[in-house]
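The chains carry the letters A, B, C and D, assigned in the order they are written, with residues numbered from 1 in each.
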Amino acid sequence: MDYSQFLAMKQEIGLLVVFLLVFLYDTFMPRSTQKGLPAFASIAMLLLTVAGCLGCCLCSCSDVVAFGGMYETSPVISAIKNILNIGVVIVLIQSIKWANGEFMTMRRGEFYELLLVTLFGMYLMISARHFLVFVIGLESASLPLAAMVAFDKNRYESHEAAVKYILTAVFSSAIFMMGLSFVYALAGSLYFENIYGALFVSSTSTMLVIAIAFVIAGIGFKLSLVPFHLWTADVYQGAPTSVTSYLSVISKGATAFAFLVVMAQVFGSLYAQVWEWMLYALIILTITVGNLFAIRQRNMKRFLAFSSISQAGYIMLGVIAYNTLGMAAMMFYILVYIFSNLGAFGVIGAIENASGKVSMDDYRGLYKTNPRLAFTMMLAMFSLAGIPPFAGFFSKFFIFTGALQGASVAIYVLVLIALINTIVSLYYYLLVVKAMFISDDECVIAPFRSSCSERLGMWIALFGIMFLGLLSPVYDSLIDLSSLSSIGMYFIR
Amino acid sequence: MSATIPVLILAIPLFMFIFLGLAGKKMSHLLAGILGTLGMGTVLVLAYYTAFHYFFSGDPAFISEAGERLQYIVFNQTWLQFTDRLVISLGFFLDPISAMMLVVITTISFMVHLYSLGYMRDHHGVFEKGFQRFYAFLSLFSFSMLGLVVATNIFQMYIFWELVGASSYLLIGFYYTKNSAVSASKKAFIVTRFADLGFLIGILVLSFYTGTFDFTSLTSVPVEGMANVYHVDLSTPNAVLGVFQSSAAPMFMGASVLTWALVLIFMGGMGKSAMMPLHIWLPDAMEGPTPVSALIHAATMVVAGVYLVARLFPLYLMEETSLVIVTVVGAITAFYAAMVACAQIDIKRVLAFSTISQIAFMMVSLGVARPEFHEGLGYMASMFHLFTHAMFKALLFLGAGALIHAIGSNDYTAMHGLRKYMPVTHWTFLIGCLAIAGIIPFSGFFSKDEILSACGNYSPLVYVWMSMVAGLTAFYMFRLYYLIFWWKEHKIPEGHHAPHDQAWTMSLPLIILALISCVAGFIPFGKFVSWNGEPYDFMAHFDWGVASISLLVAVLAIILATVMYRKENSLPEKFKNALPALWDWCHHRFYWDELYMFITHKIIFNGICRPLAWFDRHIIDGTMDSFAILTNKASELIRPLQSGQVQMYVWIYIIGALLLGGVTVLCLI
Amino acid sequence: MEIKAIYYLIPSLIMFCCGLYGFLTRRNMIAMLISLELMLNAVDMNFVIFNRFLFPEQLEGMMFTLFAIAIAAAETAVAIAIIINVYRSVNQVDVRTLNQMKF
Amino acid sequence: MFTNILIYFVVIPLVMLGLLALCRDVKQIRAVAVVGSLGLIGLSVYVLLEYLGIRAAGNEDPMLFVDSWSWFAPLNIHLAVGVDGISIAMLLLSSIIVFAGSFASWTIAQPKEFFLWLILLSTGVFGFFISIDLFTMFMFYEVALIPMYLLIGVWGSGNKNYSAMKLTLMLMGGSAFLMLGLIGIYYHSAPEGAPLTWNLLEIVDNAAISHGWQSFLFPMTFVGFGVLGAMFPFHTWSPDGHASAPTAVSMLHAGVLMKLGGYGCFRVAIYTMPQAAHELSWIFLILTGISVVYGAFCACVKTDLKYINAYSSVSHCGLVLFAILMLNETAMTGAIMQMLSHGLMTALFFALIGMIYGRTHTREITQMGGMMQILPYLSVCYVIAGMASLGLPGLSGFVAEMTIFVGSFKAGMADYLAGDGSLRLVFTIIACCSIVITAVYILRVVGKLLFGPVYDNHHRSLTDATWWERLSTATLIVCVACIGCFPNFFNNLINFTFKPAIFSVLGIN
């Protein structure tokens, strides 16, 4: 076989290299230097990201299909991978303080290794053009996460979360593969393009519909679309904050893109007949239910869990839009969402590390004690709520614009529902702002100085929140990429 | 003529208002008063100059070869342009009546300025609080009133109409610490505001059809005969007559739009001139300082309504109906007010109602004026009566002011038999009474006689009715006179020194006005003012029959009053007990105020406002809140989904997946 | 008589449903894991059957099955580990007691 | 980019924000606020003069100083600016009120944060008025909305949490509809094949929005802006919001922000979708007509000063939308003048109320009386404001209302004579009635609050206005009087330049 096609997997290989470096560092470096590992990992990841971005910008690599059509890479795909990398870098930086905590000494390395492995799995998911690869990616993206969720041993919630996660995850993968087996039965192959070729509107059968429903359920589980979302809140609450932030942004973003790819390249021909309406229902459910639950939450992590559920609904608008505008908007949304959410989690993590407080009630009057943190949190909330001039506004606006391009009245209704839901979401985001800024009672969180790594993470997030929207080149380049990408030709209604 | 003087006439009072208003607090009371008076004096001179120039210069701009007086626009400045045709401009309009009004206003205003120097301080010569403010407001009022009478277009008139309303509001409420004064001022403003609503809509209708506000376009005087009594100068794109006769102008509820417009405009006049049923504010307005009552609520502002109708008289001529309405309203009001005036204790109230009644006279005489009777005698008569009435009513009010200032009370019960103590006041007041009662040779006689003969020409019914009112007038005035100055000896409460005539600043105006009231009757008014500008000698139409009858009525009434009230006796009591109901109704002004109270408070306030406010808070706002509440309820409702049980989660998962597939299948197949 | 695919499919379906039922009803987490295994194996069977009966000319299904088995093994391993952790901390493996985090 | 004068309307506030962030003590903060707002006033006056100069030179373009910089090329989103008489009038208004407002909040607590939010808010306002690109317009619109939450929440009084949340959510609800409407407009902004655009002028030129879509998008946009314009069923945020807001915020919100609604309704909804405006105007006519009298009636029974003014704002702003919907030049001119006049006088009102409240610590007119003896300056100002609001000639209110009535009566009669029903006519008459009701509640307040005997003897010790309060109120009074005395200047400014718009609107009837 032709080994040159490994060159197509530059990013995967780069990631493996980082993984190996971390592994070697963890294994062979003396105990005294182990505290340097988090920083080392972050820097390595940062270098990878920079390299990836540069490569993405400099060499305009065209679409490459490798390994007998099982693997594909293209500018869009490497772009989304870079977006994920950026997120991972921020997560890593933010987690340094936590990872250097004393009870982490034994398993510091594992955390980073598992994390990188999951990232690798997501890469595969995104690049897969064959369901075997896809499943492998999916599993390797979700199994290690279970271990990470269970990470801090001496917190009971962590265990409970891990159990809930692993059981539901395995169950959903079983459902997913069941669906795949039906697809295989109908199409006689697991290659995306073969399936696409084999499925026609005319060939729509009950089995196929059930298959599609199962596939959507399987992927929707990782996206935490309602009604497949129920694990989310508990896991987010139970997991260590760094893991939660990783879960909430990276795996969600990767899966969202993979979802788009699968739906377009495998079931594209059935968009209007079969799955547009499934998605329609799912989006309405997801946004609404997510919001309704988020209203009542007092625990910040749980709160953000539900908010991220409804955000997933907005992201799905980019899929149902089913055009390049929507795709670009979705990628942009993911990018912005990464920054906003990580901004919020950065603050939460910092406060948790310093005072162990995670309840919204403890945040009352935070502005008096820690104004900078409060301010960061507020901007993150505004960005999540989609308030200009922060990035969130632009991403929301663009995703709606994408969804409405040449849209039917039904989609207008959908967007209206989504818009009305933004009011509810604004309400609970403002609740946080209110707690921090408006309420007069004394803050239980003493003033403290967060570690430089945390501050660095927050600064990066803030930068993104402030300027991602205002600087148009980001969005423009995403549009260019997605309009060039081969996925575009599947967008036929 | 140059625009300088007219501009000054308007500018000086305005400047005085701003100057005294801003700097008044810094300067001494006396200085402020003197400045105000001097300013008004200058205006007086200028106004007289202008008026005489208009009447006597013989300038072809003012009087044609045929000798008919012309309308002359001294200047006209665009103020606000709605469309290229519909323009509000501020200007200075000279014609017989505006010139006459200039004289009246400035005279009375100057007298009042002078008078107030004495009136607005207590017996020890200490000026009242807010003295400067008082003069500032007086100047403001003079400015607005002058602007009103010289309006070149109906909208300018409306503007100043509102301004006089406001300044009267401020002056009535001058003693703003007294709740009664505050509520009186509020009442005055709101009632007139309500009337102005009609005025405004009338203007809108009129301007919509004619496409102009200008008086010259709306009312240009006829050249000969009735044929083209009404023609708009051709500068106006569509001549008014044409418009209103064309089919474009629909009938509305049985009357032509022009009638509606005129009636609505007249409604504004009713408000300002306190015609029934919008008269209720005027008696309360007596809460203001007496000089104010003399200036605003006797002489000038209240006749604005009459002036308005006179101004638009040619338009009214086009619609018989509107004139009839004017007549009826006037006649009823005149009688009503006279009746009420017979049963008031408060001398200012008596004068107030007599004012209403007299203004009603003017209205009636406008209403009955027709070109075919003595070249519209009624028009001239009402203007004449306006003039004379301004003089003697101001005189009466100022006299009453002097009395009140001396006694410290408004009720004649506290006065009685003051003739020895206050001779000047006594005599001048008597002259005023004679004038208003219409005794030859005092001014009232002539003007009222003109009115009566005009009525006679129009219909005997109106004539009889109005003569009866004239008799009543004489009766209640002399009742008042006797109760103040005779009836019984004045008893001086111990600790007080005897009442006496006031300072020259107060007496001088009385004397001057008394003189005017004596001689004003002999002014050949027809020479100056007539409905179409053609001067004529009204003595030619002087109807001695009518005159003698009215004189007789007046004398009889006076005799009756003398019998009843000259010496203290029980006749009035008997009278009252004979007809208790009549007395009560008259004394309580036929319970109009109570009716209004009921409508405003019970119906509008409690019946509309409160329910609306409740509706807003509970229904509208409640709906908005209920959205929030519903959202909360919903989230409460779906809470059990997140039960924390893994198997529950999986149940929901699998059911969701199956539903997703199943429903789609059902839809497809 | 020759054997039709249906003869194999029905057992696999039964297996899947049993797994599902067990997963939804059993309280012991180990038992739940076993039920999961049943479900996954049913899936594997499906693949094999479809490959063998519908598309015998290539071995995609078989290959997928091999990987799926491996994945299932991995999943079990991780799950067991976690369950043991839980057991360490709460001394029992009843899934219904794990509901501290809810609503 | 910085060669265009208009951009400085956004630049100056941004610079102010930067400086405020650096400020150390309250003196510096005040200095920044005053200098900055003075700069804004100067700028808007300069633009006004420039503008008049260019117009006098016979330039007939619908907009001047037009400039456009590409922002998001793929969606054809530009940062497009341009002004006509209306926008300039609004800019003037905003800068004046910002100026007065910064004096009215001279001694506010936490000045730094307060002014930061205030200036951010005004950034949004100015940006909204200068931009003619729907996207940027909407962005600035929302920028202007959000600071309200914190301004009310932190510095407010009374039931502030509830009010702030309610206000924010309701306005955001409006902007939800608005966003849908705007995107819809974008997708139908150009004929088949031509590039879509967000630019107002191009949209109007293309006039490509199909009839069906207009009748769907017009209500969306009109309601969206109407919520901020306090249109009848959606007005309930305003009483609570104003009641709890701090002085300067009430001023800015009632004075400027509510104008965003009217301006947007005219500039976006009617300007781009005239047909639908013609067919659907009756619905909104009824709503706005109701809010005119409704607000006035409600104001008659309220006893809290701020509630009274909030309801009178509902009434007056209702008049604005009402006049806009008359779709006739005079009425629209009147609407814009009403925006100016209401902005100024209501700002004056709220300033005075704030100052009185700051002294007496109550806003219940039943708890006060005879203020004229205690606080003569403030009381006189209050009387003037009241007179302006009940439409006394010589003050701004009269001019605006008369223009509106003349215009809308014309429209109404035209309909009536053409047999198109008498709805407009009837509602014009009803609206006219509001001048009486206004008089009622204004005089009620004046009589109760300022006149009469002193209610509470503790109030006798109060001190009259300080110099900054005098400055703040005097500025507004002078402006009110200017509009009232020289209306034709503003009339021409608005009216003349707004002919092109009018023609495009009335072109189709």
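In this text, contacts are C-beta pairs under 8 Å (C-beta built on N, C-alpha and C of every residue); 3 or more make two chains touch, one makes a residue touch a chain.
Predicted model only: the values in this text are computed from it and were never measured.
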Contacts common to chain B and chain C (chain labels): A
Central chain (by mean CA position): D
Centre-to-centre distance between chain D and chain B (centres being mean Cα positions), rounded to whole Å: 37
Between chain A and chain C, centroid-to-centroid distance (C-alpha), Å: 27
Centroid spacing, where centroids are CA-atom means, of chain C and chain D in whole angstrom: 66
Centre-to-centre distance between chain D and chain A (centres being mean Cα positions), rounded to whole Å: 43
For chain D, residues contacting two or more additional chains: 169
Contacts with two or more other chains, residues of chain C listed in rising order: 23, 95, 98, 100-103
Chain B: positions in contact with at least two other chains: 628, 639, 642, 644, 646, 650, 654
Every chain pair in contact, whichever chains are involved: A-B, A-C, A-D, B-C, B-D
Residues of chain B touching chain D in the complex: 78-83, 86, 88, 155, 159-160, 162-163, 166, 169, 173, 176-177, 179, 182-183, 185-186, 189-190, 193-194, 196-197, 200-201, 204-205, 207-208, 248, 250, 605, 608-610, 612-613, 616, 620-621, 623-625, 628
Touch list for chain C against partner chain A, complex: 16, 19, 23, 29, 32-33, 36, 39-40, 42-43, 46-47, 50-51, 54-55, 60-61, 63-64, 67-68, 71, 74-75, 78-79, 81-83, 85-86, 89-90, 95, 98, 100-103
Residues of chain A touching chain C in the complex: 131-132, 135-136, 139, 143, 146-147, 150, 153, 156-157, 159-164, 166-167, 169-171, 173-174, 177-178, 180-182, 184-185, 188-190, 233-234, 237-238, 296, 302
Complex contact set, residues of chain C against chain B: 20, 23-25, 95-96, 98-103
Complex contact set, residues of chain B against chain C: 639, 642-647, 650-651, 654
